[in-house]
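Next up: the structures, one after another.
After this come two complexes, each holding subunit A, first together with subunit B and then together with subunit C.
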Partner chain A sequence: MAIEVRIPTILRTYTDGEKAVQGSGDTLAELFSDLDSRHSGIEARIVDEGKLRRFVNVYLNDEDVRFLDGISTKLADGDSVTILPAVAGGSV
Partner chain B sequence: MLSHMLTITQALYDQIVAHAREDHPDEACGVVAGPVGEGRPERFIPMLNAARSPTFYEFDSGDLLKLYREMDDRDEEPVIVYHSHTATEAYPSRTDITYANEPGAHYVLVSTADTDGAGEFQFRSYRIVEGEVTEEEVKVVQAY
Partner chain C sequence: MRYDSPLAAVGNTPLVRLPRLSPSDDVRIWAKLEDRNPTGSVKDRPALHMIEQAEKDGRLTPGCTILEPTSGNTGISLAMAARLKGYRIVCVMPENTSSERRELLAMWGAEIISSPAAGGSNTAVRVAKELSAEHPDWVMLYQYGNPDNAGAHYTTTGPEILADLPSITHFVAGLGTTGTLMGVGRYLRENKPDVAIVAAEPRYDDLVYGLRNLDEGFIPELYDETVLTTRFSVGSADAVTRTRELLQQEGIFAGVSTGAALHAAIGVGRKAVKAGQSADIAFVVADGGWKYLSTGIYTAESTEAAIELLQGQLWA
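On to the complex of A and B.
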């Protein structure tokens, strides 16, 4: 089962500069652990204690997975997953 | 390659300041995109502050996806990521540094503290790379 994963600039150090990589898994959690087997360290940048990090956005096709099932969101062959760090900050 | 200076047109500078003034007392935020690898800010893209807060900003997640898709399609990158501080100086806070995820971008901070007499107006620019903040000179030009 092939899923295309689009990688943001800040995480391309884990993918030899590749903007997109292929992965597999029935859920996002499985997909990230599959990615980590080839791109060691990437999972910890996205997942913390079994949950998606607050300031990392993950999209399944066009949908923010927070509005789906979060890290348990089910995947199907041909899906596209996009990872984008939040653009956020503040004065305190 | 890092140039330790931000060169920006007067028109873009004015658009960033106008957006910050308009959203005061909430923080305003946005991007100026430019062609990949050229470091030249060209396309002003004001973003909605989904947090609508005087002390925090965050791009709406749906808008963020659209923005990055669009930049990708146009071979652009975020040359400037800007936001305003509304009661404090235009210097990156600990929060700003923690969430700075574009090592290639100029982080522009505008302070609109002068509106309420809480400080002076400021327009400053920084590189934020792996938690290190480096302020850079801002050069305003009529055209590139």
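On to the complex of A and C.
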């Protein structure tokens, strides 16, 4: 099962500068563990005590996973996951 | 409609159906034209309300200096009101915002302090907070944390939409300060409990995010996750594509953040079609396209070329 994960600039030190990497897992939690097996340290930057870190936003096919099942959100082959820092945006 | 002054003419904007971009006859998309406000954006509502409430409780008095972090629209609204009411205003704005916004702010007499492009609005907020600490006599209305921002939408935008569209099933708006979504969302929930409140969050390219520290992100104080049903991240490419479709198919000339909201509106609309449900989806046209003309995205030969033009810009 292949899932594309888009990595923000700040975490590319863990992925040798790669903007996107492939991973696998039935849930987001499993996906992040899988990523950590090849990109050691990345999981701890995203997850803390089994939850997403406060200023980290994770999107499954562009939908914020906090409105799905958070770190337990189920994944399917071909899904796209995007990790981003929380920002102030919009026409403010 | 007749009003006693330009400031009194804020709000009561049209809600128009988009016959071509609506997914079907049963799944209809409606645009709330907030560009029809006095300074041309939805921000006239919170800006005026924040000023009036601050005047009422004595935080803002004649001769005061107003300070605000803004990527443009709120600053423009505040500056216009400040000019008419006789306040001095200082705006902190990211340096990678369009020249039109700078011109408009200068036109209303605002003083502009540029914050570094890296970090976008987050950095503007930080710089404004530092300035506020250095100048305790300045009044920072602070749109990200001022309940009167959401309050403006709770008392005006929400009731207007429900009155015009009692059958509303979804409300979609861009997520910035979160004021529109919090205010309209709370009002609609109280009066129409099943309504879905959908946020469209702009997703910029790497140039804008830069080396944002994941441990020191920014979440507006106004934000309350429980008001939202869901939240979509919309990239520049989709936002530009929808902005151009809105122009070419429906004749509405809107800013790029509106394209992002429309993208989310069409997304939830398609879901409704798939599920065999009917829907009335209202979304917010936050501003017109005038301030983004210099990007060239409206006249670019192709959507691909338009997307290219927006690289590295804060488009919302």
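Rule of thumb we're sticking to: the second predicted complex is superposed on the first by the 87 of 92 C-alpha atoms of A that agree within 3 Å, B and C clash if a C-alpha of one lies under 4 Å from a C-alpha of the other, contacts with A are read in each partner's own complex, and residues count from 1 in each chain.
One rule holds for everything that comes next: contacts are C-beta pairs under 8 Å (C-beta built on N, C-alpha and C of every residue); 3 or more make two chains touch, one makes a residue touch a chain.
For clarity, every value in this text was computed on a predicted model and none was experimentally measured.
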{"item": "First (subunit B), second (subunit C), both or neither touched by A:Ala76", "value": "neither"}
{"item": "Which superposed partner A:Asn57 touches (first subunit B, second subunit C, both, neither)", "value": "both"}
{"item": "Of subunit C and subunit B, partner touching more subunit A residues", "value": "C"}
{"item": "Which of subunit B and subunit C A:Pro85 touches, first, second, both or neither", "value": "both"}
{"item": "Contacts of A:Arg45 with subunit B and subunit C, given as first, second, both or neither", "value": "second"}
{"item": "Residues of subunit A at both interfaces, subunit B in one complex, subunit C in the other", "value": "8-10, 55, 57, 59, 62, 64, 66, 82, 84-92"}
{"item": "Of subunit A, residues touching subunit B in the complex", "value": "8-10, 55, 57, 59, 62, 64, 66, 82, 84-92"}
{"item": "Touch list for subunit C against partner subunit A, complex", "value": "41-43, 69-74, 120-122, 124-125, 143-144, 174-177, 199, 201-204, 206, 209-220, 225, 228-235, 255, 257, 286-287, 316"}
{"item": "Subunit A partner contacts - residues on subunit B that touch it in the complex", "value": "27, 29, 31, 47, 51, 53-59, 61-62, 64-65, 68, 77, 81, 83, 85-88, 92-93, 95-96, 99-104"}
{"item": "Complex contacts: residues of subunit A adjacent to subunit C", "value": "8-11, 19, 45, 53-57, 59, 62-64, 66-67, 82, 84-92"}
